[in-house]
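Multiple structures follow.
Both of the next two complexes hold subunit A, though its partner changes from subunit B to subunit C.
Presenting the complex of A and B:
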């Protein structure tokens, strides 16, 4: 495996009385899909928000391409090259695909929008992802759930990120649409991007992920090469069935009441 | 369960009624978690837990640890007679999976677009995903599935299960798809050439019912045939029987991917046909075989001419086979078959020129009845047959 582009070690995060993350490690290499798995409230979203700079960590170190960095606000993460796509996608339904892709980074010429240039770049971008859209000028509201997810991911790629984090990209999608999103994740990996995939769907994880990092009650509960690990082993790590009962009980006491957000 | 003569209004009667509700819920929905049974029946979680324990003890249901939305859960399934099978059809740009009941009925199916030819490992991985998703959607536990049948547009070695070197999937050469799928799914898997499966299925349940000598031509990306002689599929020594796409027809024709010149496939295979289309302006012409067939049906002269010539070449090739095996029926399937008489009429005409009169007199050429599903249904049937064979 190549050198990790993003390396987190000993990340802890506390919300008042709630210890959401304690001493969590995570590595993402270029061209690798890491699935972040865990029960509800295990700390997956908190960890993603730490990386994205939404909720900076209390302690722990983050290394980017082997240099220590601080990520204290979303802009820091974006400048480094970390793109995050949340479940709500943050698309503007009334705008067309081109306008959504360039939302906030519109190209202008002589003070007016350079629609031609934006449309040309949008087409190149979607072509590089082998994404077919009926037309780039239809409002996003008319697209399917899968197409909207793909547009949201494509938009994040305009900033040339090196790591893309996807929060439940296939939740609430049909089979064919989920397949399209999985195709896109494979293509991101082929282009050498590191992908962090949060998902509850074990089939999706087994279809595209290289590694599965499991969180349980805010701690690392295992790191598995997906291809060589059985479904049952990963589920056992998520649910804690593999734990020693005594250790589990003491663990629960120290982080009792852990809840997401 | 203690078999108490239940007096209405007693505890025992109540328990029996509740049990029946649980079984009804499972019968209509397949595998359910205990929490879902509670929701479906309106009984409390504790009662469900007791009822499931009792039913499990007497062997009515099986229970398996699983997860639901990332939480630990107990999946409860009615124990049914074995016979559920899965069929998968790999086409160059599409994977289709179906769940069948062992009697040839499709219970559920899913299909996705995928560049299957690009990489065998990924293709198999995605097929596993599709299978797991299909089972999840149909609320069927993997333990209920007895076998899987796979259709591939490639020759498959009879003894090793390896894919041959010349096929629609050149990168799959030497790969063993059945072995790879079996390893990942933990199921017995059998793989077979798709044209062979189509031939068997059409002869069993389609246009060739009751006939013993049937040839099926699958015309899509490549050209393949399934040949049934005296009721048995002709496989050949290494499993490449019926690869009629590489029959040499034109010694001055194009060089084929197999290394020979002027093969039938260079005259009737989809990529070659699409290349023949005139591209004189920017207007988007047909980009797939299906679109070309639509254009021909809608009287596009270029598409009509190309399909007619393909039909004529197919006729010459089929004439050779007809002289050789004297079939009763030739069934045309695959996307190109959608052109109907536009393809069949020139095909018949050129067959008349190349076939023995006596062989032609009782030969019919028809479109397949099962359409694009023939390979998938054949894969389901193959899985069922493999279960019956291993039980013997």
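Presenting the complex of A and C:
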């Protein structure tokens, strides 16, 4: 594995009385897809928000390309080269694809919008991702869910990020559309980007992820190479199957048993 | 019913330039233009006098106020807000100009006109501040200011009426002057339409108005100052309503406290017929201006066609429904065509 571009260690985050994350570690290398897994409330989204600078960590260190950095606001993360695609997509339905891609960072000539340049760059970007859109000048409202997701991902790439974080990118998509998005994730990896993929869908994870980092109750619950790990092992880590009353009791009994002898 | 299987894709791939989105929008404005041409043609066939120069001049002059107001209203509508107070603002500005001429008989005309516009700007500032700062829905805020501004107007006028005799001839002349056969106010309205259209389509801030109206949350995430983008159109709209008030005073010469009453719904109707979506994010001021022209022409054509004036409002209502239905149909067709053509590629 090459040197990690992003390295988190000992990250803790507390909201009032709730310890959302405690001592969490995570590494992302260039050209690697890391699936971030965990049950509801395990701390996946909190961790993503820590990295994105939305909710800064209380303690712990973040290293970017081997240098310690602080990420205290979204701008910090963007400057480093961390792009986040949230679940709610954040696209403007009435604007066309080009306008959405460049929203907030429009190219201008003498103060007026440079539509040609933007359209050309949008085309280059989508071509580089092998994405085909019927037309760049249609409102995104008329695109399918998968196409919209692809536009949202493509938009985050305009800032030349090195790490892309995707929050449930396939949650609301059909089979074919999911395949399109997974293809795109693979292409991001092939371009040398580090990808953090939050997903509940184990099939997606097995399809594209290189590693699966599992969180459970705000702690690391395992880091598995996806290819060499069985579905059951990962699910067991997510649900804490090894950590249930029966297992605990049998553990206790066997321990006390050894003491007696 | 089902999408044709072999329908040619709208666009082969990247290199081509056909722009479905643009085309849809142009079709939309072309439709209103077509309706306008049809209406004028039928009316002229019925009564050739309809297209006489004097009549056309009157028509354009009549459409002036509505066009200016529709342009301002469109900018507000595009940000997913609405300004119902424009009728009252127009009335207040018209009366202010009249009072100025009564109090200072020697006042230069441009100064009085500027004062009228500024009265509108002040009203727009109030609306914009209330909507942007308190985040109360614009519908409620401007419904309130509709009555407040009208109340101020009534209190100020206290039953008084200002007549053409109180105003200098140079000022009243604005309403009658023509350049190359076209009334000056109509040219002014055209300038407003072109300037607003240029700003909306060519500047970042214009683009951002559409983004805000389309999805305020997404716009905020993209770093757009949403509150400012909501605020500015209200100020511009207020100023334009003020300008319309000045033109009203110049054209009719008689102002009292009831000027512009009930105008706000007509303005919203013109914008909606012109393809400006009431839910924000789409439409152009060109469309709104055409909508205003169409509504005015209907008003002028129906008496010529000997249609009972009673039907006029029903026809305007029908037009609004047709316009909205057409928008929906176009959106659905575009969506279906895209999904059919794009599913294998992307």
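Methods note: the second predicted complex is superposed on the first by the 243 of 261 C-alpha atoms of A that agree within 3 Å, B and C clash if a C-alpha of one lies under 4 Å from a C-alpha of the other, contacts with A are read in each partner's own complex, and residues count from 1 in each chain.
Quick note on the criterion: a residue touches a chain if its C-beta (ideal position, glycine included) is under 8 Å from a C-beta of that chain, and two chains touch if they have at least 3 such contacts.
Since we're looking at a predicted model, the values are computed, not measured.
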When subunit B and subunit C are modelled together on subunit A, clash or fit: fit
Superposition-derived comparison: subunit B or subunit C, residues of subunit A touched: C
First (subunit B), second (subunit C), both or neither touched by A:186: first
First, second, both or neither for A:238, with subunit B first and subunit C second: first
Which of subunit B and subunit C A:39 touches, first, second, both or neither: first
Touching partner for A:172 - first (subunit B), second (subunit C), both, neither: neither
Partner chain in contact with A:206 - subunit B first, subunit C second, else both or neither: first
After fitting on chain A: smallest Cα gap, subunit B-subunit C, Å: 7
Touching both subunit C and subunit B, counted on subunit A across the two superposed complexes: 176, 180
Subunit A-facing residues of subunit C, complex: 9-11, 13-15, 18-22, 201-204, 207, 210-211, 213-215, 217-219, 221-224, 277, 280-282, 331, 334-335, 337-339, 341-343, 345-346
Residue numbers on subunit A that touch subunit C, as the complex places them: 86, 88-96, 99, 103-106, 108, 111-113, 123, 126-127, 131-139, 141-144, 146-147, 150, 176, 180
Touch list for subunit B against partner subunit A, complex: 65-67, 69-72, 110-114, 122, 125-126, 128-130, 132-134, 136-137
Residues on subunit A engaged by subunit B in the complex (per definition of touch): 37-40, 42, 175-176, 178-180, 182-183, 186, 200, 202-204, 206-207, 232, 235, 238-239, 241
